[in-house]
Amino acid sequence: MAENIVDEFNAYRSRMNDRILADNNKLVKRIFNLDTNAYMPGALDVRTKELLGLVASAVLRCDDCVKYHLEQCHKAGLSGEEVTEALGIATLVGGTIVVPHLRRAYEFWDALEEKTS
Amino acid sequence: MAENIVDEFNAYRSRMNDRILADNNKLVKRIFNLDTNAYMPGALDVRTKELLGLVASAVLRCDDCVKYHLEQCHKAGLSGEEVTEALGIATLVGGTIVVPHLRRAYEFWDALEEKTS
Amino acid sequence: MAENIVDEFNAYRSRMNDRILADNNKLVKRIFNLDTNAYMPGALDVRTKELLGLVASAVLRCDDCVKYHLEQCHKAGLSGEEVTEALGIATLVGGTIVVPHLRRAYEFWDALEEKTS
Amino acid sequence: MAENIVDEFNAYRSRMNDRILADNNKLVKRIFNLDTNAYMPGALDVRTKELLGLVASAVLRCDDCVKYHLEQCHKAGLSGEEVTEALGIATLVGGTIVVPHLRRAYEFWDALEEKTS
Amino acid sequence: MAENIVDEFNAYRSRMNDRILADNNKLVKRIFNLDTNAYMPGALDVRTKELLGLVASAVLRCDDCVKYHLEQCHKAGLSGEEVTEALGIATLVGGTIVVPHLRRAYEFWDALEEKTS
Amino acid sequence: MAENIVDEFNAYRSRMNDRILADNNKLVKRIFNLDTNAYMPGALDVRTKELLGLVASAVLRCDDCVKYHLEQCHKAGLSGEEVTEALGIATLVGGTIVVPHLRRAYEFWDALEEKTS
């Protein structure tokens, strides 16, 4: 079942991203394109960048963005300890209002771990 | 099925608005009243005002508010191209954190279109 | 059925809080600890503090935080009139963007009332 | 000198509020009117309501709104201990991002105290 | 003197934008570029787009962004009545927390009017 | 002159932090304490943690928090290229609403560089 929240998230995300990109909206297409490039290696490596994306998403309290970056962190080989330490900083900076998102983040991370174990 | 997300949204919204208004909370009642008047034609026409409500809702990342204004935009005769151009500006100003809300906005707009086609 | 949204909320919240606290994340543990202490009686009494937590949660538009503080307000013996007056101030300060959260807050409060009636 | 930050704040606030109200903008006028009424005694007393306004302003990180409610709290006879306890809750809920606003809040509160001592 | 707040704003903005663009930061450069294109005529005209940018900036409570879009609205020939009606919607959606920004917006608009009178 | 914005920021920050800590507010004191510990080396190193603090501050658009973390990044030996790459991600995630804060961040970073050159 844990696997499902990952697959479900990705299926909806893919389907609607395709729908959006099928539209002739240049501005949105270019933002999507920037988004892909922004997390490529540069002065900072992918692991650091994904943690930055994760913390930005967490303090802005966007569950779907958190899920996306959790999956990218997982793919980049970050450990649970590294990821939760980053989420701890997000909770301190963003306040206890972040806690419900932390619950969902842990649940999603566990599902990612189970899926690949 | 697409029809359902519109009807479901409206049913819950109506039911709970009635519940709130049944309460003797003058402040909330007056805010609801202001909300109705604010989008009436004035120096700006209804179409412009609804786009303003839509973009404000999108950058503040309130899915239900986005849905409400999408339906009002649809009723006011705004085209998909106009609405998505406004949502593009919201995504640029509000950042990629708006993207998950954009996915749900497109899904709701498509449901509105299907419902009336 | 109304009882369910309270029980469902509390079950998920408990389960995931346990999961988070099982983790060896000192920062998060200490934030959880602060959170428990912050609402204890001090210069301000529990009722006032819970209303402060409720209004902070409402203007920051965190449904789960609103639900948690609604339950604490209910336990502290605050009346529906006191709670909705506080939520009215939150809606004025936070704007109509708070309204969808107000709908869910009323629904949850009604479920709390039913559960204990 | 401490007196100045209070007087300066109030002078600008009064001058620009007059400017706004001189304008024929019904919606804004009615929002100003609601704002005056919302903090009058009701199910909750003025002291509690002003603390709610203060905490809402602090977590939304609006310095001017914090200053305004600090002055109202001061007028309503709330003690420094009560006010800073409320601000502590705001800092916990809103996170360390609230801390710079806390610095300015303490400075303004001290100026209010000095002015009336 | 009213002229000064416009000139001062523009001088700092220009100087620091030049500084940022002198840097070899492709991502930021491309965001700046998107920003220029986003407000060009498309399905929506420039006037509508500038009002959207203004309202998005106001509800997100960014004074500098509000100032920038006020100047663009002024250049696009929007009347004070149209602009303040849009700001009224922003205040309703964003709440009284927007009011301090409304004060600064009126002040800046008046400075723009004086400068060109 | 560039040196001044750093010194001025630090002087006010120190003075008001001392003022706050002189107060007998346990909750705030403990939050300050957590804040000090959170950025110490753990699963993640100081450089990564400071970048996380910087990006969290930037997307939440807190100038003072950005300044503080810029100074910590500078002390931790992060290069201008690394810091501005992180700020680029913040601007993408947080949107163009972050741009005015980016201007002030560049200005502060330049002042830090000048001060130590």
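Per-chain residue numbering starts at 1, and chain names A, B, C, D, E and F are given in the order in which the chains are listed.
Here is the rule we go by: a residue touches a chain if its C-beta (ideal position, glycine included) is under 8 Å from a C-beta of that chain, and two chains touch if they have at least 3 such contacts.
If you're wondering where the values come from, they're calculated on a predicted model, not measured in any experiment.
Least step count on the touch graph, chain A to chain D: 1. For the pair chain B and chain F, chains touching both partners: A, C, D, E. Two chain pairs are in question, A-F and E-F; the one with more C-beta pairs in contact is A-F.
Put simply, the chain farthest from chain F by mean CA position is B.
In summary, the pair chain A and chain B forms a contact in which the copies contribute largely different residue numbers, shared numbers making up under half of all those used.
If you average the Cα atoms of chain A and of chain C, the two centres end up 27 Å apart. Taking each chain's centre as the mean of its C-alpha atoms, chain C lies 37 Å from chain E. For this pair, chain C with chain D, the centres built from the Cα atoms lie 24 Å apart. Multi-chain contact residues of chain D (touching two or more other chains) are listed as 27, 31, 34-35, 38, 56-57, 59-60, 65, 81, 85, 88-89, 91-94, 96-97.
Taken chain by chain, the contacts link every pair, so each chain touches all the others.
Listing the residues of chain C that touch chain B in their complex gives 61, 80-81, 84-85, 87-89, 91-92, 96-97, 99-100, 102-104, 106-107, 110. For chain F in complex with chain D, the touching residues are 12-13, 16-17, 19-20, 23-25, 27-28, 31-32, 35, 56-57, 60, 62-65. The touching residues of chain A, when paired with chain E in their complex, are 26-27, 30-31, 34, 37-38.
Taken in their complex, chain A has these residues touching chain F: 34-35, 38-39, 42-44, 48-49, 51-53, 55-57, 59-60, 65, 79, 81-82, 85-86, 88-90, 92-94. Of all the residues in chain B, the ones that touch chain F in their complex are 59, 91-98.
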